[in-house]
Amino acid sequence: MELDSLYQEVILDHYKHPLHKGLSSQMSVQVHHVNPSCGDEITLNLLLDGGVVQDVTWDGVGCSISQASSSIMSDLVHGKRVEEALTILESFSELMASKGSQQGDEAVLEDAVALAGVSKFPARVKCALLGWMAFKDAVLQAESK
Amino acid sequence: MELDSLYQEVILDHYKHPLHKGLSSQMSVQVHHVNPSCGDEITLNLLLDGGVVQDVTWDGVGCSISQASSSIMSDLVHGKRVEEALTILESFSELMASKGSQQGDEAVLEDAVALAGVSKFPARVKCALLGWMAFKDAVLQAESK
Amino acid sequence: MSLLDVAAIKADFPIFAKKMRNEARLVYLDSGATSQKPEQVLAAERSFYSEHNAAVHRGSHLLAEEASLAYEGAREIVARFINGQVDEVVFTKSATESINLIAYSFSNTNKGSFALTAGDEILVSEMEHHANLIPWQQLARRTGATLKWFGTTSDGRLDLSAIDDLISERTKIVAITHQSNVLGTINPIAEIAHRAHLVGAIVVLDACQSVPHFAVDVADLGVDFIAFSGHKMLGPTGIGVLWGRAALLAEMEPFLYGGSMIESVTMESATWAPAPRKFEAGVPNMAQAVGLGAAITYLEKIGMREIHEHESTLTAYALAGLSTIKGLQIIGPLDAIDRGGVISFAIDEIHPHDVGQVLDQYGIAVRTGHHCAWPLMRKFGVSGTTRASFYLYNDLSDIDALVDGITATQKYFKV
Amino acid sequence: MSLLDVAAIKADFPIFAKKMRNEARLVYLDSGATSQKPEQVLAAERSFYSEHNAAVHRGSHLLAEEASLAYEGAREIVARFINGQVDEVVFTKSATESINLIAYSFSNTNKGSFALTAGDEILVSEMEHHANLIPWQQLARRTGATLKWFGTTSDGRLDLSAIDDLISERTKIVAITHQSNVLGTINPIAEIAHRAHLVGAIVVLDACQSVPHFAVDVADLGVDFIAFSGHKMLGPTGIGVLWGRAALLAEMEPFLYGGSMIESVTMESATWAPAPRKFEAGVPNMAQAVGLGAAITYLEKIGMREIHEHESTLTAYALAGLSTIKGLQIIGPLDAIDRGGVISFAIDEIHPHDVGQVLDQYGIAVRTGHHCAWPLMRKFGVSGTTRASFYLYNDLSDIDALVDGITATQKYFKV
């Protein structure tokens, strides 16, 4: 079934056991993003130090795709230099825009390649991007401080 | 040609030689009406005395139908008692709403039966009614003075 | 327990011939968002364009004459359908525009019935669609008036317990939905309108979810304005209706300014044509009005009473079916009394978006999210719901498919 | 002197198969009011309704997905057509709504580029359609700003002689038509926009009569907003476009409030989605947007340059033909330079309404009256004109028919 390309096992795992969920008290900035069409929300705390993502924690409500994607993202960028994190984000955005034509580079995206199937469901792309966009916004805000 | 039922000889005559056109100085009320869809306008002076239409004069710009109809109307109501004038008006309105199904009662409407053909052209009905509606409005205003 | 001949009705709607994902048939349970269109409506629009198309009201040629007759004929059909006067029917692009039109008319004047100032109150309810909430928030912001609202009871009814406080001499506008697009609740409008009129308030009814589904008679209801959209009642997109009492429309300031709504114009100022013209600036959505007329003719042929009974039967059956599912909570009244064919629900541990996605694999189209009623979601402590809504082309098998689909979803997500 | 293959084009438009009064063929010279629709546009709307119909942006099911793709696809087509960005294209119901939207956005805020106060000036012209005049009169009334205008020369050109006085530091908005719907005059927009921008004014272009007839490139023109209607460019009724610069749209307040234009909503207040969404409240005119997309695709296949050349040829031919008629005065430029295919004229001793009526007997559809440009009529001392306007489906024989028809009219009225 087409559905299995959307809901891969690893996504359902992240959904049931999300990583870095629950907001830490230490942070450089906090951002809050919503998906206006479905009402999903995410709050994300970013701790940036010396150009390195020291910590990303988040909380919020959302569907399996948005929750799993936020979980994967927060784990992926953890400990990375900001430029590197933004490159990963770039690569993920591209995958999401690919309309099913790309698999994603596992060397860069790791678990996030499991979300490749989302790109075939245009209505779900913004679910997958919710956490990533919050992260991007947080980085911009932290850097302009 | 269908057109001849619209532009009867008597209409073209009234158009070229309108009656009571040119505003008199004596009047009970003056009204100004426009046909917003084509820009045609009429100014009408009514002199009412003892329940009798002593004088109706008018001026304005408009198509052959509206000019002829105003000419015929002003001549028809001249010297009539108000109730009688309003009855004629009633009968004319009915004719205009008849969509070509009525000929009009010549005993009541006299020359105005020549306008019967207008009722087959819905877009022209308001041309034919412009002067009549101005007259009606003038009567109402004069009576409520 | 009376049902329509759904097979015959479906045959009129070309979209039901379409195959959905996995070759599934279309189980369309999203009429609350927008309805499907019968052949008769498509044909009416086509015939307008291919036989009578011209700008209305402005020309002396044959096509302009025919177009005007078709457009004004549609107005007569609408007026008869809701038991209003022809000149009380204003064509807009949508219910959203209709409601905004009224709200702007209030800030376009400071005289008469439409004057609104600081200290005045506008009363809405917590179950309003954003379209019947934000225009009033903004009107309040522009004028300094205060927005108040009826709450919702936990079983999804309008909470009228505070009505004596909420409707007072300060109340100038009561804007309320006839039927909630989330809960399915049908509100006691006649009673509210009566109370509102005692204090001289203007009553605006959001009839988006009622006019398509049961007979609405403006004379009976006693409200001052009603707004609804054509696309939810088998009509085209891009057409809405505002009905208003003649005396109020006469008093009301225009909203959109432009051609065909004027009496006279100079460079400095303009005066207005009588209603409904003064509210219909520009070349109107003629083909869509004609299409809406055809939709109403279609609905009347089936019968609004019959449609309502049909939907009541479906609703009762669905409420029963859904309540057999473990872990499913219905958000809204649990009985079919004063309740339309819109059912929202939550499923433990599965987000509505995921429910909708799995159902879609079976050809079942439901709506998920906040349904443009975000405050109501907060009230019920959810970020969104899954919503199934019914219309004349649905039958019991569609509801069986829904119940089976939900069970399959739970299995898929192992809950 | 290049002409399109009109026979082939006409075959695409079902309405030309219709017989008019007295079994005459249709000579449609009223495209300035509204255009006819090709089969391709009717088919696109039909296919939307019968294969993809659902409310856009809100659902996870297949139809909602397809409807969203179709609707957003139409936005891409429009953006490419006028060389704008996709997110700069707002769908409205008409040019009239587009212009009103901007005007209301000015009074919905008192900050930034859209603040307007007493002493500020709004500049229009004497040749504006009511749709680009009354919204600004009313905005002036609401804010205390002053309305000023360019005059018209006796040969029907914009009178720019007072431009140094008219455009000053007080000027906040310049709203002007690209091509007059009465005179056919094409105005020197780039020059005016340049002058307006030197004083920081916002430039709004009424492109109703230009976008359908020749290539309009928003980047080249240098204006800030343009407004046009789908129905004048082979598209459906009920769809209009507002294009605006991204930075201005971002700053601008919404106009219609309701569903799908929000970011977040509570009972007390709301925040807005980014443009274009924040200007598209409610379930949009989806089928009409898709139809407009199909219309543009059709126009592009023929070629905007080719269409423009075709119309220029027709216009020159018509100007020559009409000037042979005794007692006929053309109101507007007498040459075909900077002039579109719209020709207004007066005939001695015959009222336009009567001209139109006689022409109608020969199947010739022209417009008569003030053409929603009443101040311009006063300027030229007439109560109205007869207007013939051309499009890609007209050919030289249509103009011959017009000239013959006018001669016959004069004979009929014995002048």
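Here the chain labels run A, B, C and D in written order, and each chain numbers its own residues starting at 1.
Everything below uses one rule, namely that a contact is a pair of C-beta atoms (placed from the backbone, for glycine too) under 8 Å apart; a residue touches a chain by one contact, two chains touch by 3 or more.
Because the structure is predicted, anything quoted here is derived from the model rather than measured.
Following the contact convention of this document, C is the list of chains adjacent to both subunit A and subunit D.
Among the other chains, the CA centroid farthest from that of subunit C is the one of B. Between the Cα centres of subunit A and subunit C there is a gap of 37 Å. One finds 31 Å separating the Cα centroids of subunit C and subunit D.
For the pair subunit B and subunit C, the distance between mean C-alpha positions equals 45 Å. Shared interface positions of subunit B, defined as residues touching 2 or more other chains, are 37, 121, 124. Residue positions 21, 58-60, 64, 260, 262, 264, 353, 357, 368-369, 374 of subunit D each touch two or more of the other chains.
Against subunit D, in their complex, subunit B makes its touches with residues 1-3, 6-7, 12, 37-41, 61-65, 67, 121, 124, 127.
The residues of subunit D lying in touch with subunit B in their complex are 21-22, 351-354, 357-358, 361, 368-370, 374, 377, 383-384, 412-414. The touching residues of subunit B, when paired with subunit C in their complex, are 34, 36-37, 121-124. Within the complex, the subunit D residues that touch subunit C are 14-15, 18, 20-21, 26, 28, 30, 33-34, 36-37, 42, 45-46, 49-51, 53-55, 58-64, 93-97, 99-100, 103-104, 108, 126, 129-131, 133-135, 137-138, 142, 147, 149, 229, 231, 236-239, 255-260, 262, 264-270, 281-288, 353, 356-357, 359-360, 364-369, 372, 374-375, 378. Per the touch definition, subunit D reaches subunit A in the complex via residues 57-60, 64-65, 68-69, 260, 262-264, 273.
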